[in-house]
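For clarity, chains are labelled A, B, C and D in written order, and residue numbers in each chain start from 1.
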């Protein structure tokens, strides 16, 4: 591989990794604070993409669609937490796995009912539809760069919120000690609702921004979910920082594996994960 | 007659991050003696016990069993060397009968734990040893009761019975009388005074009356550090102890 | 809105079927049982639905050919899960005693079905799955196919590429049977005419993160790229190909599925892509014009390739039943009748090869204004070599 | 007593005699015989999972890996056009998958809880992709088994695997043996340790047991049985496909297991029967069966925690109480 191609692939890997971070961050946040393993997280990614498609069809404005989709996702998160997830705090991981598998079924069925099964696509918003020349004949789409920047901004905002604000303080406290937060006189169940809804929204927003660069198909959530698992397991369950590092690693490993060892490329991230876990059974940044 | 040293620590330290839970502790525990350990909350008593049974690994320093360093062996190997422990919070198999609780303990010595086919109920000898352990702590009549349905005091006794059923030489007891009424405590005190004739016992306990009554050797710890070790009378009269306790103000005796 | 239409249509379809069957209630014979094994949920759900619509439409139109016999449909959702295929096929064979079993879309499911149905007392007709083996090593008297073998649509593209003067080509596909067979077929005709495959890339199925592959293509700079993708993957690939600036610089060739049912989602990115397939929506022949008009009237949405394949399956059944005067109890006679059917399909007339695969025209198409316009006939009456079939 | 719950005895006494007679009623309809066979094969698989999750407390989301391996190992080691001996290959397959489970268990069991769920899943995905991408084993299209094994022991052949009814009885026998095996295992001294480790791992370590070894042995045993189920499934229709290894297979098996009653072992049969029955009827009722299936699973987790076995046990106990 010559050096220009290497750099292009590096960009590809980082960009993919950043998108993975956006999806995985909600998963790891919800797990870290609430101890809930949400297998339906991928379904929310799918829901985000379908919502984006639907509203772009209706209104033609991507930005508007993004906002309204995020709000709807927040609502879904709120309702799901209040009605279902709430019952699970004192149960074991097995019940969480089963409940969220049931949710995957329901979301998939609803998607079929509401939007059918044809592959759909969302156009890249006009303002971001250009490409910039990169090397040789290769151009790099501006939208992908926008996605990468967006993900970095989200990461930055999350870092700020968690380390500097009151909500962040509660989140950190909730991670380490549920009783302590309760002693502080904070309504922990409200905190949980907020965190879960934010987690759902992050996943859906990832679906929205990924919509123009992916094909919107049934089952898109499950595929991405498993990749997100790899990310958060490598990073350490519950660690946002870990999810960030893990996502970049997975993005790079996946990209370079597909070029260098194509026969093994689909297995490579799992092999990589097994390797990390051999060294650190709890992931890189587990708390 | 000088009793043999069974268990020793040499310069034992445990740090949690920057926090020194245990700092440079050197103690010796003797056969057929009860060694009491007291100190205010956070003095490092439980940490010490957790290290003596292999649950925590020392940051530095050594644990010696019969002169041999055992700091690096696996937790379950401590029990195999005859170092048995009870826990601060009741830690039993609460959905099984008392007999079954002890049977698990006995089975380790009896063997057959990899026998897939032979019924666990088919060996008399195992039952007998387990029953003996129960009888030793006075739970003979509770043999076939489900552990979660006996009284709290009895559960603490059961826990000691389980340790006894492993045929240990060292008993590490973490507050066996915590949360008990006076009468129940008295039962345990009687039990321990009988047991200390046979075993090396390390007892961490907040009940000062009990510990003064039972201890052959007594160690006072403060803030993870060793303050004083000696007989009950020596410790009672030591000015440093008074100061430490008065200074802390939360333990009165 | 769209959904309402769908429900309404389903209801209408149901009604018309009811009226159809009541009209023929006088007929004394048992109904002909047609088992349908298609995916109605998941990624392939849309394909399954179109195929079923086409099938029912043909059998309704040709109700008169059935010699008074009615049709009873037994529909089973395969979920495109191969591991469930044997069980469902078994249920249609042994529980419902279906005379015909139509399906599937997915090649893996086809393998599972063939395993159960091969040589049994039913006729299996494959309306889509293209796995070569079905009319190759696994061919059997009671297995027919109305669609194509993986080899068929891709083989003629090799010649087209040579005609266009391409010498060095990169091929790319998902790493699964159908994709590989497509690439092999292209390679077969392309290299035999002196072309060179500079690189063959296989993407793990169903991965749709194509950036690294596209970057590599950009750095190799071949004369053209030949790909096999379908459905969601095809949408994503075509859009990414454009976004990476390769469109217009390196011509994109593909097996026709690249631009079937995906053009709307692909948008402008698909313009100019050359593909070969046994059908194209705008084909000028009369059958196709009528078919497309009627289908759109009936189901409220435009027809597609999969609807055509389902439709042809229906035509084939109707014509065999007619030839036998409604008596399909003798399997040998039925197979004979089916073998000799000449299907007047919207794709143009076709007949069956010895291995029971269509002998059909393959068209070269080019995407213009969001439609696959026919450029020319790439191969006329092309017959699959049916390697390994000993029938 | 081997079967210590009343509900359990009742079930075993009703189910097995009934299952024994079933083919007589269904002789004319091969489909139901085949369907029941599939259910019994799945029950073996679910039972091995139930043992791992419910009895040992080892939650895995990768058990399908062994189900698939059972089939693929057979395809790998058996000659394509020659009938091999069923029993010998049963041994080979169990031995090979046990070896695989030993190695993987060694890595997986170092972790616990959520990590174990994830890592088992990762290993299963790894195998899934390996077989999906492998051309030698048919990739996503899968492979056929052209010749079924013969079943002679010392020249005596009891089962003809091409005959659905014979195959049915082979699976019934296998299911019965698996149930018996697990029941004996749980009653044994090894079973005492399994119970102890599940109830209170920390205490068990403090009593001097190396719990890792016991977990590993359990994992190996359950995996080998899972592989045996996959082997039977492969033989039933002579077809192996990577989707046997997919995580949804593991997930569905978990649902069946909890529906039946986690840790009850015989509940695995109940759970599989009911799940498959529901699936079958919903599928025939509505195109949107997925919605109802999902709803039912959610409902089950919320209000039907103990599963069918637990429900039956409570019911019988209540009656006894009166």
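In this section, contacts are C-beta pairs under 8 Å (C-beta built on N, C-alpha and C of every residue); 3 or more make two chains touch, one makes a residue touch a chain.
These numbers come from a predicted model, not from an experiment.
Comparing chain C-alpha centroids with the centroid of the full set of protein C-alpha atoms picks out D as the closest. When the interfaces B-D and A-C are ranked by how many C-beta pairs touch across them, A-C comes first.
Relative to chain C, the most remote chain by averaged C-alpha coordinates is B. Here the CA centre of chain B is 75 Å from the CA centre of chain C.
A separation of 43 Å divides the Cα centre of chain B from that of chain D.
The distance from the centre of chain A to the centre of chain C, each centre being the mean of the chain's C-alpha atoms, comes to 36 Å. Mean C-alpha positions place chain A and chain B at a centre distance of 49 Å. For chain C, residues that reach two or more other chains under the stated contact definition are 41, 202, 204. Each of the following residues of chain D touches two or more other chains: 129, 132-133, 290. If each chain is drawn as a node and touching chains are joined, the picture fits none of the line, ring, star or complete shapes. Pairwise chain contacts in this structure: A-C, A-D, B-D, C-D. Across the complex, chain C is touched by residues 29-32, 34-35, 38, 129, 132-133, 135, 138-142, 144, 233, 236-239, 241-244, 249, 283, 287, 289-290 of chain D. Those residues of chain D lying in contact with chain A across their complex are 53, 59, 61, 107, 110-111, 113-115, 117-119, 121-123, 125-126, 129-130, 132-133, 247-248, 251, 254-255, 258, 262, 288, 290-291, 293-298, 300-302, 305. By the touch rule above, chain C contacts chain D in their complex via residues 40-41, 76-77, 81-83, 85-87, 90-91, 93-95, 107-108, 110-112, 115-116, 131, 138, 175-178, 180, 202, 204-205. Contact residues of chain B toward chain D in the complex are 53, 55, 74-80, 84-85, 87, 91-96, 100, 103-105, 107-108, 112-121, 162, 166.
By the touch criterion given at the top, residues 31, 37, 84, 87, 92-95, 97-99, 101-110, 112-113, 222, 226, 229-230, 232-233, 237, 263, 266-267, 270-271, 273-274, 277-278, 281-283 of chain A touch chain D in their complex.
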